[in-house]
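First chain A sits with chain B, and in the next complex the same chain sits with chain C.
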Partner chain A sequence: MRAAVRHALPMIAMTAGVVALQLVISAADRQFYMTQLVMALYYTIVVMGLCLVMGYAGQVSLGHGGFFALGGYTSAILTTRNLAAHLRPETLQTLERIGLLWSRTDLYGAPLATLAPWPAFVAALLLTGAVALILGFPALRLKGHYLAMATLGFGLIVYRMLLGSAFTGYADGITGVPPWRLAPGVTVSGAMDNRIVNYYIACGFLLFVLWFLRNLTGSRHGRALRSIHDSETAAKAMGVNTPRLKLQAFVISAVLAAAAGSFLTHFNGGIGPSEADAMKSVRYLTLVAAGGMANIWGAMGVSLALTFLSLRGVFGVYDHAVFGGLLIVIVSVAPNGPGRWVADLLRRRRPTVRSSGAAAEPAT
Partner chain B sequence: MKRWTLTMTLLSGLLALASCRRDTPPAGPEAAVGEPIRIGALFAETGPASFLGAPAARTARMLTEQINAEGGLLGRPVELVLRDTGGSPERAVSFARQLIEEERVVAIIGPSTSGETMQIKDICQAAHMPLISCAAAEVIVNPVASYVFKTPQKDSQAAAWIFKTMNEMNISRIGVVSGNTGFGNAGKAQLEALAPEFGIEIAASEIYDSRATDLTDILTKVRGQNVQAVVNWSIVPAQAIVARNMRQLGMDVPLFQSHGYGNIKYVEQGGEAAEGTLFPGGRLLIVDTLPDDHPQKAPLAAYKKAYEERFNEEVSTFGGHAYDAFMIVAEAIRKAGSTERSAVRDAIESLQGFVGTGGIFNFSPEDHNGLDMDAFEMLTVRNGRFEKYSKP
Partner chain C sequence: MSQALQYAFSGVTMGAIYAVVAIGFNLVYSTTGILNFAQGEFVMLGGMIAVTYSRFMPLPVAIAAAVATTAAVAALIEAGFIRRLKRHTLLHMIIVTIGLSIVIREAALLIWDEKVRSLPFFTGTESSSVRVFGAAISPQTLWVLGTVFAIVAVLHVFFRFSLKGKAMRACSANPQAAMLCGINTSNMRTLTFAVSGALGALAGCVISPMTMSQYDMGTSLAIKGFAAAMLGGLGNPMAGVAGGLIVGLAEAFSVSVLPAAYKDAVAFALLLCALFVKPHGLFPERGSIAREA
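This part shows the complex of A and B:
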């Protein structure tokens, strides 16, 4: 019983923190922070997923920007492509009745019938999962940095294809992505009067990912994954099916990135090719490193804070430079993540109180 | 156990840090006299589109200082709220929302690229925020959204100018090369759509990567079609490379460029090979040779002088687009006599005969660009300088 409470406590505290933050922001009449907060939350989900691959499975992926874009673009294309002219009216009606299709008129009054956001979201996840499977299957059977190379190539291909095809709107990307109604009164959109709802949607998604990853890494699978990170040979000798586990972690993380991409595309009402830029993937990767690699809390905290500040334009024209500089400082001063660094500092100050307990505490 | 507590502490600390940033309280519509008029600006000062955004941002800063030195607008000082988008749409979206909800600006000028503008077009329209884009694509103002305007001339007008000049030169068989960006693709589409109207045949059409460093392969293909002229539609650095590669291949047919050629840096990069290049451009580039009685002469010369003295670099078309956008907003605020967004929008839409760098703007409910064919001149490069093209 006590163990269960101990395990659930961080999640409860986190949920309380989410609610408290919303109340503080509302009380201070600074609701506009939520726009960037929501965007940062979705990017953080990508970073947390990547943490599973890098910190636990010990593999480097340079293609998460590509997976994010794949998810976002799939949703964007399927929910903006007008099918009104291609399908017979009866077919349209039938499809709409079962909830697959959604007819409306656009901003200028022309009839518009597109796929509904739900099936588009599912399609985005399936497509990304399949692509990650195809990409990871050969690369992860090999030892070494083959996944890094394969995903780097994949990211570049996605970026060039987005820039080069009329289908994805060339350099302009896709706009006019409709809001996504999850339930009555719960809609993913950037509308001003919808900010608090969207904050809770994004936080709910993040909490789910946190809960899922904590359980996964704490399970038998998670321990097996970490053993791969420490020594693949030893893990194999212990009977761990290393290629399969690595592949699972990789696909899960790619699908999480795609899901975040899909949500953010509906929130922003559009997506552009810069999401698939190699710099974006490198940013995700460095955020995981700065968070302390196998440290989901650290990755979450660092990513949320830095992405939020960056999206608010705090760093101005020095965005890349400040970002890079901060990451260098974090990685060199606190290689296990800022949280652990502060903990170490406190421990040093009070050596008698915590030293034995802290040292014995297992690194989860 | 302790780790998550600390992470949370750290996180809230950073959030607190963010909130105590030099935030000025948002100015409500009932702002007191003397309170600054806030004008928002989104430009790609850094990143791949910085050759568009950097001159635009400098221009906006300079004009803000100038207006304040002259006593501001409606007796109130002007404050520029400038954000660097780095050319990425998601940052443009984030900053546009910031300017609308938080900074409560009167209007937004920029962004520089069509992609970013299209991402925030609906946001600004829904929030009833006047947006004066500095990007070229026609989709920005077609279909018309009542709060969205743009200052650069239309692609179709640039294409029409090129074809008109070709007709005069008795050219009927051409090759088109274009970059794979949104700008290149839009231009290619306009050229293909308008060519039959002018009796011109596009014998070869090639697309290249906008970051290509050598284009001899595709130009060889174009040369094989015995074309009488080549049209290139792209943005730097390919514009200089096309000229150089054509020279290397011994192609002595005329080279036409798009209105994106309007920065003297491209001529410098092209060197000797850039001589004789033809392109449609605004009069800002040839202001020195304009007759004194031309309505654009005085304001353009003043802007050029101020910009070049201040920043020690030659004025470009792209800074000019920002000049137009900023001055249109300023003029509209003066005309409306208020900073109410709807009043400012109405004032912009009814603006007539406004003299800018891009031409003389005449807005209407149907035309949110306000420029006609007369906005362009056919320009050429002689002795490393831009000058007006005249038939030899």
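This part shows the complex of A and C:
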């Protein structure tokens, strides 16, 4: 019982923090922070998913921007493409009754029938999962960092295709993505009076991901994953099916990125090709490294803070440079994350009595 | 026929540049085991520095100075920074070079600006052309091909016959054994970085009149160069030449089939195919650390 409470305590504290932050922002009359905060929350979900691949499976992915865009664009295309002209009225009605279609009239009163956001979301996740599977299957069977290259190439192909296809609106991307009604009164959209609701939707999603990843990494699978990161040979010798586990982690993390992309697209009402830019993927990677690699809490904290500041425009023209510089400094000074680095510094200050504890610390 | 030849020439020209980037990649990878994501940035630096220098001095001197400067920057990066990260894992090293490439690019943006600039054509102007078997090509194409051929020839002689080149090969084959033979492996690593920086810079100079230089040109060059290196076989410097030519030709001929906007995607698609079908490349290097990594 006490163990269960201790396990749940961080989640309870997180939830309390979420509510407290909302109250503080509302009390300070800074509701306009909410928009960037919600965006930062969705980007942070991508970072946390990437943390699973980098920190636990020990693989570099430079394609998470691509997965994010794949999810977002699939949602955007499916919920904006008008099917009214292609389907017979009775088919339309049947499909609408089972909730797959959503008919309405457009700005000019013409009939507009698109896929509903839910099935579009599911399609986005399935498509991204399938792509990740195809990409990861051969790349993860090889030793070394072939996944980094494969995903980098993948991200760039996605970027070029989005930029060069009429289907995806060239450089303009897709706009006019409808709001997503999750439940009565709960709608994912960027409307002004809907900011607090959306803050809680995004936080709820983040908390779910946190809960899911914490359970996953604490499970048998999670321990097996961590053993791969420490020593792949040792993990194999213990009977861990390393390629399969790595592939699972990679696909889960790609699907999380797609889900975040889908939500953010509905929130922003559109998506552009810059989401698949190589620099975006590098940013996600930076944030995982800055959070301490195999540290979901660290990745979450660092990502929320830095993404929010970056979206607020605090870094100005040095935006990219800040991320690049941070990457170099953190990895060279504190390869296990700033948290561990500070803890080590503090430990070094203390007398040698505790040095046995330091020696027993596992090498990560 | 002459149109195909035209495509072939443009493919070989770009392919030659990818080949030089691929050689740089392979050099660093085979002696240090590092995948240097900042390799494309050396090409950018070479072009940009040469453009700036060419305002104060004649073109050949400016190019030589730009190559020397970039080599110095590359050596400095290794000696001042990468050398101190010995205990780090491969994962960390990849991340560090990604960070380096961002910082170099952003520094270039601050030093110069986002404007496109270029060196003058080495001979003739942008409108002059030479007829080769019915295809009209710019004289600069011949400069590019000549330079790349010279680079490959000099490197070949260097690795085969000079003491330094042999020492470098020894480091790549077995660093520990090389150390026992009295080779200063640390200095060899610095030298490798300097050489790969110089190669990149030279490529950046000869290509500048045709494709222009810009602060953010490095990333796509690095990736295409990497695709070339992978295709040829990672760690085998000369195999990168074959890889580069394949990537360049595939890209050039894709324009006749696919919309031009997809041109860049072709190189990456080729990279993915290479990864999946022949992960060790067409000409895998035997016995170097590249195979075991």
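Criterion: the second predicted complex is superposed on the first by the 324 of 364 C-alpha atoms of A that agree within 3 Å, B and C clash if a C-alpha of one lies under 4 Å from a C-alpha of the other, contacts with A are read in each partner's own complex, and residues count from 1 in each chain.
Keep in mind that, in the parts below, contacts are C-beta pairs under 8 Å (C-beta built on N, C-alpha and C of every residue); 3 or more make two chains touch, one makes a residue touch a chain.
Just so we're clear, the structure is a prediction, and the values are computed from it rather than from any experiment.
Student: Of chain B and chain C, which one touches more residues of chain A?
Tutor: After superposing on chain A, more of chain A is contacted by B.
Student: Let me test your reading of the model: by the given contact rule, A:320 touches which partner, first (chain B), second (chain C), both or neither?
Tutor: Once the two structures are laid over each other on A, A:320 reaches both partners.
Student: In the superposed arrangement, which partner chain does A:164 touch: chain B (first), chain C (second), both, or neither?
Tutor: Both chain B and chain C are touched by A:164.
Student: So in the superposed three-chain picture, is A:218 touching just chain B, just chain C, both, or none of them (first/second/both/neither)?
Tutor: It touches nothing on chain B or chain C.
Student: Can A:99 be said to touch chain B (first), chain C (second), both, or neither?
Tutor: A:99 sits against neither chain B nor chain C.
Student: Check the residue A:111 against both partner chains and state whether it touches chain B (first), chain C (second), both, or neither.
Tutor: Neither partner.
Student: Figure out whether A:268 sits in contact with chain B (first) or chain C (second), or with both, or with neither.
Tutor: Touch status of A:268: first partner only.
Student: Show which residues of chain A both chain B and chain C reach, each in its own complex.
Tutor: 163-164, 320
Student: So in the complex, the part of chain A that touches chain C is made up of which residues?
Tutor: 54, 58, 60, 62, 135, 138-139, 142-146, 148-150, 152-154, 156-157, 160-161, 163-165, 278-279, 282, 285-286, 289, 318, 320-321, 323-328, 331-332, 335
Student: Residue numbers of chain C touching chain A in their complex, please.
Tutor: Per the touch definition, chain C meets chain A at residues 35, 81, 84-85, 88, 90-92, 94-96, 98-103, 105-107, 110, 219-220, 223, 226-227, 230, 259, 261-262, 264-265, 268-269, 271-272, 275-276, 279, 293.
Student: Within their complex, state which residues of chain B touch chain A.
Tutor: Contacts found on chain B: 1-12, 14-15, 18-19, 21, 45-46, 83-84, 86-91, 93-95, 97-98, 101-102, 113-116, 118-119, 121-123, 125-127, 137, 143, 145, 180-183, 185.
Student: Name, in rising order, each residue of chain A that touches chain B in their complex.
Tutor: It is residues 6, 9-10, 13-14, 17, 21, 28, 30-33, 35-36, 39, 107-108, 163-164, 166, 169-173, 175-176, 190-192, 264, 268-275, 277, 295, 297-298, 300-301, 304-305, 308-309, 311-314, 316-317, 319-320, 337-340, 342-343, 358, 361 of chain A that touch chain B.
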